[in-house]
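Next, two complexes with subunit A in common: one pairs it with subunit B, the other with subunit C.
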Partner chain A sequence: MIRKKILLLGDFNVGKTSLIRRYIDNTFDDRYLTTIGVKISKKILELHGLECELLIWDVEGATPRKSIASSYMKGASGAIFVCDVGRSETMESLDEHIKTFLALNPNAHYVIAYNKSDLLSVQQKEALELSGNTFLTSAKNASNVEILFTTLAKEMLL
Partner chain B sequence: MKNIQLILNAILSKNIFEYTLVDRKLHVVSASDGVEKYLDRSPQKGDDVLDYLPELVGNEEEVKKIFVKRYCLYTLESVYKNDYYVNISIEYCDQNMAIVLLHNITAVTMAKQNLLQYSNESTLLYNTLQKVVDSQNALLFVTDAEKILFANKKFMDYFNTVDIEGIRKKKLDLYKKFNNELENYHELFERVNDREEHIKIGEDTFIIQATLIESTHKLFTLTKITKLSNAMEIDPLTGVYRKKYFDLKLERLLKTKRNFALVVVDIDNFKTINDTYGHPIGDEVLKEFSSLLKQSIRQDDLIARWGGEEFLLALKMDDLQKAMDRIEALRQTIDNHGFGTVKHVTASFGAAWRNQCECDDAGSLLQRADKALYKAKNDGKNRVVWKKLEKRGEKCII
Partner chain C sequence: MEQLKQLLLGPELEQLKKLEAALQELDFQSQDQETIVRRITPLFERILLERLENKDAKTVEILSQHLAKIIAHSSRHNLPELSQALQSVIAPAISKEIAANQNVMVDALYPIMGSMISKYVSTAIKEMIESINEKIEDGLSFEKFKRKIKSKITGVSETELLLEESSDALISSLFIIEKESGILIAEAQLEDKEISDPHMVASMASAIKDFINDWIQNATEKSEVQILSYGNATLYIESAGSVYLVAFLDAEPDHEQRSGINEFFASIVKKYASFFQRFNGDDSAEEIAELSEKMHTYLNAQPNVGKGKKEKEGKNPMKLFFWSATLLAAGYLAYLLNGWYFEYSLEKMVEAKTGQVVHVERGKEKLTVTGYADSFKSLNEVEALIRSQSRMPVNNHLLVPLKQIDKAIEKYSAESKGPAEELEQKVRRVEKDLNASLMQLQTELASVREELQRSQKSIAEMRKTMSGELAQLKSEKKSIKRIIKIKREIASKLAQHLGDNPFYRKDDLSLDFRGLNLFTAGEALYNREAIERIGRVFKIYLSVLSEYKEYIEEIVILGHSDSSGKRKENLKLSQLRADAVKEYLLGQAEIGHGQADLKMVSKGMGSRELVRVNGVEDKEASRRIQIKFVFKENEIVKQIQKIVND
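And then the complex of A and B:
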C-alpha cells in the first residue's frame, strides 16, 4: 500500500485539528485546545484503483513568536494550508507558510482551506475570490472538508 | 553488542527512554519491553519499523544516512503517540544497526502546552482588543510620564507613522500642544482628568479626555471636532465655547433647579494692549486669559467667549456668598498673574445670581450681569459688581 505524508499547516487557532477530526471521525468540538508538537492520524483511501494510506500530520500552529519546525515538514508529499476567514492576519501569513514548505518539498502538492466559513454570510462568501486549489471550509458544518482532502490526495497520486 | 546492551540498560534504568533496534532496511531487530506503551503493540523481529513509527514515512532515506555517516542523527520532537509525548531520535550503533530511542517527555510537554494555550489565548485576546481600539474613530494613546507607549491605528494614521517607534521619533510632546508650560503627560492628565477639554493640533481641534489605567499609565482619547467645533461650538482662538453654544447650555441649566452665578468678564484696557503690543500679542493674552479662567472653574461650570475680550461664565454654586468669594478669587488670580509680554492684565466682572423666580430667564440674567459689568467699568475697573434681582410686588425688576 502506498503511504503519503501530508501536513496541515497554518497559524494557531485556525482549525487544523478540527478539520482532521471532522475528516477522520466526523466530529466537532468548538473548544480551543492548542496543539503542541505533532500528532499523526491515518486514513485509508482508494483512488484510481489504488489503495493509499494518508498519514495526516497535525502540526503545532505558527505563532508570532514561533514558526513551524522544518523537521516536521521534510519528506511530505502534500500539505493543506489553513487560515481563518475571520482573521485576516492568518490569511496574510499563508504565502510565507507555502514558501517555507515548498522550499523543503519542491515536488509536493498543496491545497488551501479558508476555514471557519460558517461565520461568513452568503454575501461575504460570494465576495471571496477563490483560486482552483482553494476551498471555503468549515469543520463545524463539514462544508468542503471531504473534497479538500480527496483533492489533495488525487493530485498526489496522479 | 554487549557494550550496547550495557548502555541500553543504563538508559532504561532512568525509566524515561524506550528503544527499538533496527537494521539497514529499517526492520526491527529487537525492542525494549516498555516500548509497547508508545506503539500500541510490541514490535517483533523483522517487522517494518514504519508500521510502528509512521512518523518516519517520507524520511526513510534521511534515516538510512545514519548507517553511512555515523555521526548523523535523526530527531523528531514532541510527537504525540498513544497519550504520550515522545522525542524520537535515531542514532548509529554499528554499520548494520541503529537505535531508535523514544524519550518520554509527556510531563514537560503538558506543562509547555498549558503555557502555549495561555499564550495563544492571550495573543487572540490582544489581537481582538487591538482590532477594537483600531476600529475607534477617536485617536487613542497610552503614556507613561514621558512618552507614548501605545497608540491605535487612527492615531498612527493621523501622525503619518506606522509604529510606536515612529511616534517617538517625531517627539510629539502632545502635553505642550495643550499648554506650553506642561512638562509631561502626568501633568496633562491632571489638567484634563474628568473634564472635557479641547486641544488644538495643527489646524484641528480635538476633545481630549483622560483615563487612569495605572498610577504610572494613562489613556488619552482625542476626538476630532474641527468641523463641528469651528462651525458652532468652539472658539478657535481660545478653545472655549462660542456664545451660541453657551446659550444652549445655559437654557439647559436653567431647566434644572441649580443655583448658579452668571458672570460677564471683560479684560480691562484691551484696546490699549492691542494698540501697544499688536494684535498677535493681544491674541496671546486672550488665550492665556481664557486658559486661566478654564483652570479656575470646575468641570461642570461653563465658559464661553462672547466676542472680542469678553467672556461668559456660569458657575454652579449653592450659596451666593461662596459664589461671591469664588468670583473675587478669580479676579485676584488674574490680577496676580504674569501675562508674558504684557505682564499685568486686569478684568472687570459683572455677576448675576440665578434664583428660581419665574421671570429669571437667560435674557434677564444676562442683562443684569451686563449692567453689573457696566458699573464695574464705570467704578474704576478690576472689580466684581453684583446686580441683584429686585422685586416690586409681584413684578421682578431687573
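And then the complex of A and C:
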C-alpha cells in the first residue's frame, strides 16, 4: 500500500473540516465548525488496482492575524485548496496559499474546491469560469466531494 | 678655447655630468638582482592579484601545478598555520552545504555523532556509578549486607544490582517516521500492547512534535522535543536527518536506556539512510520488512519483556510437577495391572471352552489374538468368544495349518468362478466408459481454453479501441467546451450590439429578415430600401463575427420562397434571391473589406421553411433572407451527438 500525506488549506471557516467529514464519514454536521490546530484523518481508496491510504491533514484556517504553520505543510504530496464561493476574499487569498505550499513542496499536486456551492443559483454557477483542477463543491449536498479527492489521488499516484 | 667653452656651456656641462652619473647608477641597478627584487616585490602582489582576478589562464595553470605541493609541504612543516588558513575557507563551505542539504548531512553524520554522544553519556554514567558506590560503602542496612553478599558471589557491582532492582522502562512500541510528512516507515510492537492504528498515531505524534517545536523554537538555538509524557505513558523521540524514532514506554527512560535506544537508532540510520531518502510512502519495500524485523528483535530482547507473565506462571512449579507426575504414575500402574488381569482371564476362558491355547494382548484401542487354531471353525469360535467378552475391536492373528487353507481355497474357487468373470467384464466396461468420458472432457477443456484465449484477445482489442475512442472523445470534449465558450462570447456580443434589433434571433444567433417585403412574388429582384436596411444590420453582425473569424467556417445567406409554384422552381428562385443579396453585400465596400477572411456562401432553401401565423402561411414573410454563421468544428459536435445518441 502507498501512503500519501495531503493537506486541506484555505482561510478560516471555508468548510475544510466539513469536506473531510463528508468524504470520510459521508455525514454532514450543519453546526458551525471550528478547526483548532490540525486534525488528521485517513481514507483508503483503490485506483486502478492500486491500494492507497490518504493521510489527510486538516490544518487550521489562516486568519489575517495568524498564518498556517509551515511545518504542517512540509512533506505533503498533495493539497486541496478550499475557498468559500460566498466570500470573495477567500477566493482571492487562494493564490497566496498555493504559492506558500508550492514553495515548500515544489513537486506536489493540488486541486481547488470552490466550496458551499449549494448557496449559488444555477446562473451564478454557470457564470463561474473553472479550470481543469477546480471543482464546485458542497459538503452539504456532497456535490463533487468524492471526485475532488479522487482527482487529487490520481494526480499523485498515476 | 677651453675657457670660452666653460664660460658659454658651463651649466649645461655640469648637468651632462650629473646625467652621466645617474645613467651609470641605473645601469648598475638593472644588473644587480637584489635591487631588482627589492623594486619589483611591492608590485608583484598587485600583478598576481590582477592576473587572478582576470582569471589569466597561464597564471592559473602555473599555480594549480604547485598548489598541491605547497599544501603537502605546509602540512608537513607548518600544519597549525595551514589549518588556520584553511579553516576560514572550509568552515563557511561546510556551513553552506549543511544549510543547503541539512537532512542528507545529518543522515550521514548521525551514526558517528550518535555513538560519540552515547559514549560520552556512558562515561558520565560510569562516573556517577563510582560516586554512588562510594556513598553506598558508608551506608548500613540489612538490604545493604544482602546486596553486598550477592555482589561478592555473582561478581556484579552493588550499583549495577541497585540499578537492576529498579529495572528499565518497558518499550512497548518502536516507530520510524519520515520527519516531514509524518508517514510511518516501519514499526514494531510487543504482543498484547499493540497500538490499534499506528499510521494515524505516527501522524498525530508528528503533528504534536511539529507544534511543540514551532512553539518553543527560537532563532539562536535549534532543538527538538525529546520526551512527551502523559500519566504512565512516555514517548521518547530521537531525530536524525529525514527520519525520527518514537519509542513508546511505560515510564520515562533513564540515561542508559536512552543511550541504548540511540545506539540502536544510529545503527538503523547508518544502514538505511539511502532508503529513507528515497522512501515514497510505499510500504511494500523489502527494506521495511527487514527493518521491522530488526525492531521486533530489539523489543523482544528487552530483559523485562514477559517478566510478569513468567513470574505468575512460575509460582510453585516444582510442587505442581511432583504431584502431577505422581498421579500419572499411579494411574498408569493401575491401568497396567488391570490389563494384565483381563488378558489372563480371557486366555483361560478360551482354553476352557474351545480347547485352543491362545495369547490375548490388550492394546489402546483393540484386542490382538495370536497363537494357533486347529481349523477355520475353531478360529471363528475363538474370535466370537473374545468379542462376547469385550466391546473392543478384535485383531484375529490366529494361524491355521496350511492343509486347511488349501481346502478352503478350492471350495471358494469352485463357488465364485462365474460371478468373478462377470465382475471383471463389468470392471472393464466401466474402465472403458471412464476413459471415453475422460477423452471427451479433455477435448471440451481444450475447446474452452481456445474460446477463452479468443475472448481475451478480443477483450484486449476492444480495450485498445475503447482507449483510442476515449482519447478522441476527450480531445473532442475539449473542443466542444471551447466552442461553447466562444459561442457564449459571440452571443453576448451580438446581444450587446443587436439585442434590440427585430431581425436578430437570440436562439440561433442568426438574422432573419422577414416582414421586410424584400422580394415581390416570383421575383429575385430586391427592394432597394429593404436591401439597404439589410446591409446596415449585416454590417454590425459582421463586425462582431470578424473578431472570431478564426473559429468561423463560413457565413451562410439562405434564400426562401413562399409556397406558390412548383418546388423545383421555388428552389431555383430562392437560390437566385440568396445570390442577389450576397452580391449586394459583397458590393458594399465596408462589408467586402470586413469579410475578407470570412467565407460567404449563398444557399436556396425553396419553400421548405415557410412562415406561418396561426397555422396559415404569411407568404410575404416567407419570401425572405436569413443569415447564419457556421463554426469550424461543427462537424465534431455532430459526431459527438451521434456517439451519445448511439
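Just so it is clear, the second predicted complex is superposed on the first by the 158 of 158 C-alpha atoms of A that agree within 3 Å, B and C clash if a C-alpha of one lies under 4 Å from a C-alpha of the other, contacts with A are read in each partner's own complex, and residues count from 1 in each chain.
What we mean here is this: contacts are C-beta pairs under 8 Å (C-beta built on N, C-alpha and C of every residue); 3 or more make two chains touch, one makes a residue touch a chain.
If you're wondering where the values come from, they're calculated on a predicted model, not measured in any experiment.
Undergrad: Quick check on the subunit A-based superposition: subunit B and subunit C, clash or fit?
TA: clash
Undergrad: Is A:Thr17 touching anything from subunit B or subunit C once the two structures are fitted on A? First, second, both or neither.
TA: neither
Undergrad: Of subunit B and subunit C, which one touches more of subunit A's residues?
TA: Here the partner covering more residues of subunit A is B.
Undergrad: Looking at A:Ser77, would you say it contacts subunit B, subunit C, both, or neither? Reply first, second, both or neither.
TA: In the superposition, A:Ser77 touches subunit B and subunit C alike.
Undergrad: Classify the contacts of A:Ser143 with the two partner chains as first (subunit B alone), second (subunit C alone), both, or neither.
TA: neither
Undergrad: Examine A:Thr90 and indicate which partner it touches, taking first as subunit B and second as subunit C; both and neither are also allowed.
TA: Touch status of A:Thr90: no partner.
Undergrad: Should A:Arg3 be classified as contacting the first partner (subunit B), the second (subunit C), both, or neither?
TA: Both partners.
Undergrad: Output check: A:Val38 vs subunit B and subunit C. Expected answer is one of first, second, both, neither. What do you get?
TA: Touch partners of A:Val38: subunit B and subunit C.
Undergrad: Could you name the one stretch of subunit C listed in 78-86, 168-176 or 330-338 that collides with subunit B in the superposition?
TA: The segment of subunit C occupying space taken by subunit B is 168-176.
Undergrad: Which residues form the common part of the subunit A surface touched by subunit B and by subunit C?
TA: Common to the two interfaces on subunit A: residues 3-5, 37-38, 40, 42, 55, 69, 71-72, 74-77.
Undergrad: Spell out the residues on subunit A that touch subunit C in their complex, using ranges where they run on.
TA: Of all residues in subunit A, those touching subunit C are 1-5, 37-38, 40, 42, 53, 55, 57, 69, 71-72, 74-77.
Undergrad: Could you please specify the touching residues of subunit B with respect to subunit A in the complex?
TA: 50, 54-55, 57-59, 62, 75-80, 85, 109, 112-113, 116-117, 119-121, 123-124, 127
Undergrad: Which of the residues in subunit C end up touching subunit A in this complex?
TA: So the residues of subunit C in touch with subunit A come to 178-184, 197, 199-200, 203-204, 207, 210-211, 213-214, 280-284.
Undergrad: Hey, which residues of subunit A end up touching subunit B in the complex?
TA: 3-5, 12-13, 32-34, 36-40, 42, 55, 60-61, 63-65, 69, 71-72, 74-77, 87, 89
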